[in-house]
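Letters are used for the chains, namely A, B, C and D, taken in the order the chains are written, and counting of residues starts over at 1 for each.
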């Protein structure tokens, strides 16, 4: 870890000093459902209003891993929308995503985070070059860290899924501009969406040389989470899956974004990757994502798995998952912020395969089986305990 | 392993000699759906008519573990019914459990196994004592082994679920009589049903002193298999399960047997154990088992899992499993026969927790999570590779 | 209608005079979820805060049938509990049954109804005879009508399901005491629960001579509603149902009440009646009702229907109904109040088979098929249009 | 019926004479799964091997309607494939669609029908004009009727769904060529598929002047059948459907044909028509049809219906239909053959809205509600009883 330590200019255990400081959490898509839920929820949990349901980093194995406490997190971010966070939180409470009284209970924290949201981009008509955009976003991050005297900042992309970029597009997609800005500003980075982020070919060298920890892509919250435990079951029991078909109904911003076939294709690639990684080859079957505005922020995913039993007998497993994507994503996003901040503090850099538990398409490559990913995560928690 | 080796009186690697011999597989309930399917299926796979779908012991990790080949297995058993195996197989083919042409293709093997089925008991009016019954059953096993010059025999209980015995019943339940006979005849033993088997208090000393490997109780084929991967998922993701409810519809002999509330209670105990073992305490929710003769040998299991998400949001997972219990159980029963025979050959004795992968209620106690059970099983396969 | 008019002793068209007056709606179980939801919802709809979703009597075919307007309904009732209606409404809003801001928006109406709730009974230790209890309850009704100068009052039982009474019990069940009181006070009556109500043998003569309209038993809100359209479909398509199995998960007060096997049996009888009435004989299959407190006021009902196709091919339909029983029942209860009040005004008396659309077990006997019941209801709306 | 009789130029009651004769059933797609199942099944039922499950015309209300007996039906048809019917029937038996022993039991009838199958078209390279093709197909029909001395013949399209024709295509689609040939040969006609058939604009005059009964389009066998009873339920209960989404998984020839987006679009139009006809406007939601070869001839349809309850509470109904399309279609196709033959005999001509019970998109327009369609069908059966 010497190189990283040097790069961060440590001389006398700045990590310790830093760890008494505060940690920035910078959301790309800071006014979206996931970021709003994470921001409001962190405040509510920190205040003791709710237990930390869904936060793996609040379970006993992580108790002594040196993760930044929830009370030390400072929120900010980029967004292209203007709606105040407090109003977004009210809308989420109306839709049953947040407890009804929560927005008023954490109003101060929402307003504080709202004051730290900077305009995203590029919007239509913006004439800045990619380099100018990256520089502007990085300056926003540096300014945020400076004003709050942050020990370090984690940038997490939780914005709507972008359409997959065309092969010949000379411009970087927005998600990659933000990601590049994160690295330039010395921030660790996680991509919770299927968008390109750090995976843009043009960023290969930047990523390789950044000396910062990063993780992604595409958070594993519902249907794919299920697939990551069911697919290994079929494999371990030697029951060949003949066809695995799925249908997703969702409303909200995510539903609308995924109504774009290119965005849906990016999303589906992640879902199928888990099956292909487990079985060696993807079984028959398609995945549909339907925009159903009537569902609001709630989502239903139906899976139909046709598999063979002994002597070719035909059997079927069907699963129906009904959840709220924002509420599923938010605690994982807080987990990632804490784990990446701690990784950064501990001098770890590059892709963090230990965080594969959280992703459909992990950086660094790991088993697609949740049980193995969890074991790896626990080992990481243990390792962090031993770090200065 | 010295003790075990001594107990078996080895002098010059009898294991090797034995391994060139044949292995007996003795089914309690030899004319039932599971035994008929296993007997017919083993013949079909050995003849190359079907791939070994569902047999974990036919996957690569077990290739060099010294398991007895399928062609070396000799089938026999006890049953209280008279219906010829070939006729039972025809009925299973009518119901879609066996491929239609299979019964005629393996007619010779079915008739051979049929000739080795001895009358079970006790039937009403039988005046023999428990001891006389055990002696008679053990004699059947010894005779079987002698006539076929078997290296060793594995006894597996696949008969209908017994009602849970009353606390003050002076007699051993039938499943325990058969189990005691197995040990007396020097056979390893597995109990694939929720019946008492070796767990009778009166057999405690016999079991402790037997010097034979054994495993059980209650095969994990469908709903509980699912639970053993889903429950750990909720735990690992820190998502508290509020209620886990289930309903099972099944026909066939098993449906009729489980229509007896006492038998159903025995079965349900196993299903709930997986949840209690995983979560520390069983969540709210009941499990129903309905006898639906119209379902024939097919089974549908619906599970409804209400769980909490971030900030108390309420989410639901439902699963519907549609399978044929006989076809799910048969390959696992063949696996167990091979693994226990090999354990016996290798001088292992006592409860085999390595086989927890197969059971709702493993002998010896292991994690209830399938992924960990599978890892343990693979380690066992590795260990067997190193045994003489 | 002369006969009925005579029976009520009309001389100078009191119906017209009455119809400019107000109508009482008296709930047995007035502090329960259904009554609270109906009371709050009626106020909200009358105030234009919500559309009358789920109220059949607010659809065009009923526009000119002379039903009492929602603004003319005055609420009261009996209950053995003390919790104020406004507080009950708050709890329902917390559970997502009522819109969150509704309780405060209709606070005045809830308080007004709360002031008209009288103690029910008999509670343990109450030494009054059946006759004394009936007289007391009837006096409450008379007093209510008198103070509010009501044209007429409808009594509707929406309390928790009673255990089915034993054959030799000398006392009337509570539901029958209330029902007898309703008739004695000259009120029409509907029983939205599976409890005994007017079906007590001891009340046969009273009912026959009452000269008042009544309807019931057991509202058809979810699983049975579905059955009443699906069962005719199978019949019409000549597809024999082999087995119809169901499982219900529900929390709230209803879940707890139905955890009593005798109460569940009363409830299940209604569910099975629809199938038996449609098919001539009930198919195989059981219905389970599980108390799952974690579900709160929400309910999930799973049905599994195994049916035969051409040449005996085996097919399956499964349905999963997820709803809130209070929200399903409340608009139907308001419908019944209006239809019975109008029937009363129009001089109709005795069982009203035209209202079979609303019940699992209609008074007066009608087809169990929803489509026919709806046609009958529409004809009734037409007929009421023609009445003075 | 004089008008119709005149149009057909009857003079001395040929209907009576004919009715002692035999009726032709000519399938377009005669070697497909539906035609094979119908042909084999008719023989099996006529021989008393199976009850007439799924045949509405074998229920009591049709007993005296003068329908041609099953024993009087003579089968033939067009197909572009060569596979012998007996071999197709064997494959269906392997897939569980036909009882295993049925193909051999009705081998003679299958061979007889096979001998009456003529080459369909046009295949690639066929240089015949539309008129030449129609003439050739009509000649096949005339020859069939002549050789078998048939009283009349019904032509039924059960071939794979065609892609929807482009607006400027100068050629008639194949389904319309066959349909035109049917009318030219004096045969009644039903279109059990979503293909164009008689709905081609170029055939408008031919259809108007044909003097023959016809019915269609697109048989209602599973998901749409369900929708035709569920949609009216929501309407009758004043429960607004917010979104109705569906997913279909099917293999077999139909799955492959519907993998063509243009064919799937034709199919989906029918499914949505039922909802739009019932509700006035189609609710949100999409329908997907996935080709899943592993499903063979079996199909699974999942529907997710999000609806509003009282005060806007959100509720959901989900249905899962698992059936075999061929087995669902075959008895309805036999029904249609009998009802059209009888209509023809009775001198009825033009579109028969009385048969709307069978179709997603009925000729002549009727209510989309199954219950009303059934009542109409029963009235038709009654009317036919009164005909000479």
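Methods note: a residue touches a chain if its C-beta (ideal position, glycine included) is under 8 Å from a C-beta of that chain, and two chains touch if they have at least 3 such contacts.
Remember, it's a predicted structure, so these values are computed and weren't measured experimentally.
Counted as hops between touching chains, the shortest connection from subunit B to subunit C is 1. By the document's definition of touch, common neighbours of subunit B and subunit D comprise A, C. Of all residue numbers that take part in the contact between subunit C and subunit D, over half occur on both sides, making this a same-residue interface. Remark: subunit C and subunit D have CA centroids separated by 43 Å (rounded to whole angstrom). Subunit A and subunit D have Cα centroids lying 51 Å from one another. Taking each chain's centre as the average of its CA atoms, subunit A and subunit C sit 49 Å apart.
Residue positions of subunit D with contacts to 2 or more other chains are 96, 316, 318, 320, 322. Taken as a contact graph, with one node per protein chain and an edge wherever two chains touch, the assembly is complete, since every chain touches every other chain. For subunit B in complex with subunit C, the touching residues are 242-243, 245, 247, 249, 284-286, 288, 290, 292-295, 300, 302, 304, 306, 316, 318, 320, 322.
For subunit B in complex with subunit A, the residues that touch the partner chain are 37, 41, 44, 50, 52-56, 58-59, 96-99, 102, 225-226, 229-230, 232-233, 236-240, 308-313, 315-324, 327-328, 330-331, 357, 369-372, 374. Listing the residues of subunit D that touch subunit B in their complex gives 93-94, 96, 100, 320.
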